[in-house]
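Two complexes, one shared chain (chain A), two partners (chain B, chain C).
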Partner chain A sequence: MILAASSATYLATGHTTGAAAQTHGFLSPTGVEIAFLLVGLVTFGAALVTVTTKQLVHAALWLVVTLGGLAVEYLLLTAEFIAWVQVLIYVGSVVVLLLFGLMLTRAPIGRSPDADSGNRWAALAVAVAAAAALVWVVVDAFRTTWIDLDGPAAGSTEATGASLFQNWVLPFEALSVLLLAALVGAIVLSRKAKAESSSPPVNAPATTKSSRTITESSGNAGRSEQEGAR
Partner chain B sequence: MHLAYPAVLSALLFCTGLYGVLARRNAILVLMSVELMLNAVNLNLVAFDVWLSRAAEETLHSGQALTLFTIAIAAAEIGIGLAIVLAVHRNRGTADIDKLRDTAERHDSDGPDHDALAAERSDEDQKAEATA
Partner chain C sequence: MNDVLDVALRLLVVFVVFLTLPLIIGQTEHKVMAHMQGRLGPMYAGGFHGWAQLIADGVKFAQKEDVVPAGADRRIFQLAPAVALLPYLLVLLAIPIGPGEGAVGQVIDAGVFFVLAVMGVGVLGSLMAGWASANKFSLLGGLRTAAQLLAYELPMLLTAASVAMAAGTVSLPGILDAFEWWWLPWQIVGAIVFFVAGLAELQRPPFDMPVADSEIIFGAYTEYTGLRFALFLLAEYAGIVVLCGLTTVLFLGGWHGPWGADGLGWVWTLLKTAVLAFLVIWLRVTYPRLREDQLQKLSWTLLVPLSLAQIALTGIVKVVIQ
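And then the complex of A and B:
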């Protein structure tokens, strides 16, 4: 309905703003547009299955389809370096990390009925409202805008590398420091809690109180391990 | 290519991720939905960069550089997020974000893990007293 309304407004105002659009043809899509549309439908459908399926491992595998479809969209937009980085990092490592996380948290094989929380209808209303507003605004704003995909690729590895190492060197180096901080943070978070609690507190005033703290905290850790095994 | 195609696809993917973040209960599924939202932003950045690199005289390819930065930050985020989820699962035995309500303001607690939480809270109090 929104698309129809916007196209109606487009036809109404097309005599004034459609001068540049007539060279492209509004209702005669090119081959790249048809391919983009088909891959986009597959991507969006896989994303919908990812957020609605009841089987946790299937959600991760449908996420692979979504991210791979997005890589194909990047290729259609002539951003080939981004496409291969997407395949390498997202499909190659992020999904594998998610599958490891599902495995380590003992995700149930098969359907888990409590995958969705109780407020899913409110979430659906919020998401549909946000989608309607965003699609309406975007279609209305970029109605007469075309991307020129002819000529040399805008996102070839040469162009991306040149801009990245000529204009974006400082953020690039800062990003490496950020990755190091994330690595150290992940290691600190995933250390055993028992090793941390067995070390005495630094500002313990008396030995008796600190020993009581140690016994209590070790008992706490043992109980939490029992809960984890359960 | 009409610019509305990637922009509309990006908006739809973002709202799909928004629904997943709001409606899912498992923390790892919430992380997957966050990845969907980040990918929608990436698609927008790439599409607008390709458009503006043709329209402008001189370009910095800022959209593609920011896309690479977003991908790297997403990789860091998923590592930290999974470490947090695994630590919570090791301490609590669950990864459901509906059950992690320790900091919620409530006076009547009717959850099944009320006793465990209360015992743990008293343990925390005693430990705080002991170390104080």
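And then the complex of A and C:
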């Protein structure tokens, strides 16, 4: 849902550029603007399918399309570095992790009738509220900003790095502290689970978190396969 | 019009390279493996030392029936080979083989990130294949692929970051422009980590647990036949080309050589890539397969610390020489 919201934001950015375009003409049909809107529509549609499809793995794969579409939008806004990092982190790692988790637990081929949530209307309300807040912030912040696509790239690696480490160092460091806290939390949780489990893992001296996951995987894969066969 | 022609020509050259180099490496693998094992390898197809063996294989694959299992998720099953193969074609666009604008398909500002990001997408193809086949062995193969990718993506990124720090740029031609010969000993640990992690990402022996034929038949590709299977094989060999090319560009100085850097830079690039590809084949013949836990342990307890140490070393030397 949040994804739908964020892609809605990107659509809204498209409208923003349109609204700010008194001097440039409303949506003056340059190729880049048309491409931006079309890719935005595709991204939005993929995000909608992601949260509405009844097939779990298809949802993850539509997520790939959504995140890839966002990367293309970044590219169109000349933010090349951000675009590749988006592909590297979200498509290459987060979705692979998601698929890994799905395959380990339950990834039946075909529809999962129990994949429906009773909270869907509450989720929709939260998503619309989040989208409205994001759109409002973006519209308010960038109302009169116009990206010059023909000049030097405003989002090149050098420009991004300079602004990140000169103007936005504090948020950057705060984020890294947050990630560190999450990492430590994950380690604490996995160690607690190990202490509670009665049967020691097969390779006791080398129980890193990852190798433990692997030993679990062989047990669960068969089950999810049976589900897949159904 | 001239620009369009230029772009078309570059794309054509990259496409031809994409179709020929993997086949050459595949044929070399047939012959080198055979001779290392005291055999002759293919000798008949094409006449001279079986040079046309892979073309004959291709014809054979094209003639086979394209089977989709009844229980499979049809569309994803059919889409998976393309997802596995196309990223390597895109990566090939960004690898410079010589100095100047003329020797690279497309100059990309954040080239290092581009190649690593797009290579990571290729693994999605194996995951899709493993899941959509509705086969226990395929699913296990897909799981192992995912686990392997998650483990080895990190050291690859860290060592590439080390080179980018040394060069002060993330563009591939920029890194080569900044290259000095003493980077070789300086970045040697990073080079080895990058190469090993890349081998693991390609699922080449000794890291071929995801396709371990004695346990899970052929992993995620078990159910594939005909052309789609051939595309997966082509992806593996294109992956070797890309990995060796990248290691050459990032760590071995690409078109720099002891002499003849001006006109013959591309020869150096191809030569270094070929030597690395030979090494890949050699490793396949030499080492037994790593077990899954050994594989994870190698990455998390050896490669990640080594790459972090390499980054620290790069940072220290960089500060000292400034």
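List of remarks:
In this text, the second predicted complex is superposed on the first by the 132 of 230 C-alpha atoms of A that agree within 3 Å, B and C clash if a C-alpha of one lies under 4 Å from a C-alpha of the other, contacts with A are read in each partner's own complex, and residues count from 1 in each chain.
Assume a residue touches a chain if its C-beta (ideal position, glycine included) is under 8 Å from a C-beta of that chain, and two chains touch if they have at least 3 such contacts.
Values in this document were obtained by computation on a predicted structure and should not be read as measured data.
Touch criterion met: A:Val85 reaches chain B and chain C at once.
Using the contact criterion defined above for the overlaid structures, shared-chain residue A:Pro171 touches chain B, although it does not reach chain C.
In the superposition on chain A, contact is made by A:Thr157 with chain C only, not with chain B. Between chain B and chain C, it is B that contacts the larger number of residues in chain A. In the superposition on chain A, contact is made by A:Leu97 with both chain B and chain C.
When the two complexes are overlaid on their common chain A, residue A:Gly185 makes contact with chain B while staying clear of chain C. Within the superposed three-chain model, A:Leu61 lies in touch with chain C and out of touch with chain B [touch as defined at top]. Contacts of A:Ala107 after superposition on the shared chain: both chain B and chain C are touched. Shared contact residues on chain A (touching chain B in one structure, chain C in the other): 81, 85, 93, 97, 100, 104, 107, 203, 210, 213, 217, 224-225, 228. Across the complex, chain A is touched by residues 71-73, 76, 108-110, 113-114, 116-118, 120-121, 123-124, 127-128, 130-132, 134-136, 139-140, 142-143, 146-147, 149-151, 153, 157, 169-171, 292-293, 296-297, 300-301 of chain C. On the chain A side of its complex with chain C, the touching residues are 57-58, 61, 64, 80-81, 84-85, 87-88, 91-93, 95-97, 99-100, 103-104, 107, 109-110, 153, 156-157, 203, 206, 208, 210-211, 213-215, 217-218, 221-222, 224-225, 228-229.
Taken in their complex, chain A has these residues touching chain B: 24, 29-30, 32-33, 36-37, 40, 43-44, 47-48, 50-51, 56, 59-60, 63, 66-67, 70, 73-74, 76-79, 81-82, 85-86, 89-90, 93-94, 97-98, 100-102, 104-105, 107, 112, 114-120, 122-124, 126-128, 130-131, 134-135, 138-139, 142-143, 145-149, 151, 154-155, 159-160, 163-164, 167-168, 171, 175, 178-179, 182-183, 185-186, 189-190, 193, 201, 203-204, 209-210, 212-213, 216-217, 220, 224-225, 227-228, 230.
For chain B in complex with chain A, the touching residues are 1-9, 11-20, 22-26, 28-29, 31-33, 35-36, 39, 42-43, 46-47, 49-51, 53-54, 59-62, 64-65, 67-69, 71-80, 82-87, 89-93, 95-96, 98, 116, 120, 123, 126-127, 130-131.
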